[in-house]
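One chain, chain A, links the two complexes that follow: it is found with chain B in the first and with chain C in the second.
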Partner chain A sequence: MSDTLIFYLVLHIILGSAGIIFLTAYLLSLSKKEPDSKSLKSSSFLAVLSFIGSWIFGGLYYTSYYGKVVKPIILKGQYSWVHTILMETKEHLFLFLPFLTIALFVITALGKKGLEKNENLKKSVLRFAFIIVGLGITAALAGYMISGAVTK
Partner chain B sequence: MDKELKMIQGVITGSMLVVIFIAVVTIASEVSPLFKDWLKITFGHHWVGKSILASIVFVLGSTISTLIARETTIEEIGKRINLLTYLVVLCSVAIGGFFIFEASI
Partner chain C sequence: MDWYTFLRISHILGTVLGVGGSTFAEIFYTKYQKDKKIDPFEHDVLKVCISVIRIGLVIITFSGLGILVLWRLKMLGPDVFYSPRFLAKISVVFVLLFIALLTNFRLINLKLGSAISTASWYAAMILGIWRGLNLSYFLIMLFYVVFSALTYFFLEYIRNRTTKKVNE
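Entry: the complex of A and B
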């Protein structure tokens, strides 16, 4: 694998992890009795940038290297289900993340008065953000298993 | 505030459309090799095709939904966010379940 492809893969992992961290910070901040709207806005915005970056660099690695080199190795090994189930699911569920995070940012930026005053809206946004974090963690865990299946 | 709520409503609708679109296109491209080949030929890779088409659905869906949105309330926005959350769970399960089913046959 070339240095450029390693760079793409590392950026995909780092930015994806950063997106999860920013969203976790968002969840913790929104859970407070009096959430700081600036902190919510910045953490959701940084999560948007992180997931878009991870999407682009992951896509560059996936389309130029994974399918041609990594996928055949996994399919020939004893853990072929790691590709047929985990990778196939991960690559498509990942597509949800940038759009849902943009939606979360728009809700946070434009609906800050509602988030401060309306407890039901706050609970709805908390559940929504929690599901996005869950999707991100699922994609990350699948990524670790896919990497592990290549060497075995 | 009304304009802001309409924009939030529009983006939530755009998100709902894109989540459904990704689930449908993912399953359709596995069921129909012709459709997957069309994505590959048109966009260079089926996943790139899904990414570009999903972006178009999200932008157009959010914009049109914002433009045609009726007056709404904070309570209504909360209900729509709940609906979007359920839809994300449902479509995630559909995608994961489909690949488990496909691998088992």
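Entry: the complex of A and C
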């Protein structure tokens, strides 16, 4: 694997993890009695940037290397279901994760007064953010399993 | 120093901070709750312990992620990634992260959360050191659940005993 491909893969992992961390920071901040709208806005915005970055570098790695080299290795091995089930699931989660995070950022930016005063809206947004974190962690775990199926 | 050495040192440092922080948090909490009151100084000491545990958790998570990336680049494969001991260790670290979140949202009883957290730190350390452990994932996790329950009852017993002594 070339240095450029290693760079794509490592950035995909780092940015994806950063996205989950920013969203967790968002969750913790929103759960406070008086959430700070600035920190909510910045953490959701950073999560959007992280997921889009992870999307771009993951996509570059997938199209230029994974599909041609890694996928055949996994399919030939004992754990072919890792590609057919987990990678296929991860690809779909991966497609809409940035859009869900953009929706969260827009809700936070437009409804900051509502989030401070309206408890029901706050609870709904908390649940929404929790679902995105859950999907992010699922994608990360799938990534772990896929990495484990790659052997020499 | 190469990346692998740096990440392993960080991983051990994170474990030391987590195991040490949670041990001292339990010791101080047991000592301070004898009179069933936590004064501001005692509260500050416990807060320091919790900060040390959180720093340990962050270090162990990131260094672990770094080690996984290096293993992926070396293509170590299922023998390493899917080994029952390693899967159990990752599950225990996930429990630690989950308990930290539940405690923050006050969705778990503090004593129970603290006992599970302490047991999990020790379990993660033992699983990290015991390289020759040759048991199935489910058996390791069963031992972990039993170990967490025993830790909870042991801590409760010690706390009740120290409180009784003060009342006498």
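One rule holds in what follows: the second predicted complex is superposed on the first by the 151 of 152 C-alpha atoms of A that agree within 3 Å, B and C clash if a C-alpha of one lies under 4 Å from a C-alpha of the other, contacts with A are read in each partner's own complex, and residues count from 1 in each chain.
By definition in this document, contacts are C-beta pairs under 8 Å (C-beta built on N, C-alpha and C of every residue); 3 or more make two chains touch, one makes a residue touch a chain.
These numbers come from a predicted model, not from an experiment.
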Partner chain(s) touched by A:121 [first = chain B, second = chain C, both, neither]: first
Touching partner for A:4 - first (chain B), second (chain C), both, neither: neither
Touching partner for A:99 - first (chain B), second (chain C), both, neither: first
Partner, of chain C and chain B, that touches more residues belonging to chain A: B
Which of chain B and chain C A:149 touches, first, second, both or neither: second
Chain B versus chain C as contact partner of A:55, first or second or both or neither: first
Set of chain A residues, in rising order, touched by both chain B and chain C: none
Residue ranges of chain B touching chain A (in the complex, touch as defined): 1, 4-5, 7-8, 11-12, 14-15, 18-19, 22, 26, 44-45, 47-48, 50-51, 54, 58, 74-75, 77-79, 81-82, 84-85, 88-89, 91-92, 95-96, 99-100, 102-103
Chain C to chain A touching residues, read off their complex: 65, 68-69, 71-73, 75-82, 90, 101, 104-105
Of all residues in chain A, those that touch chain C in their complex: 1, 6, 9-10, 13, 17, 24, 27-28, 31, 77-79, 144-145, 147-152
Chain A residues within the chain B interface of the complex: 55, 59, 62-63, 67, 81, 84-85, 88-89, 91-93, 95-96, 99-100, 102-103, 106-107, 110-111, 113-114, 117-118, 120-121, 123-125, 127-128, 131-132, 135
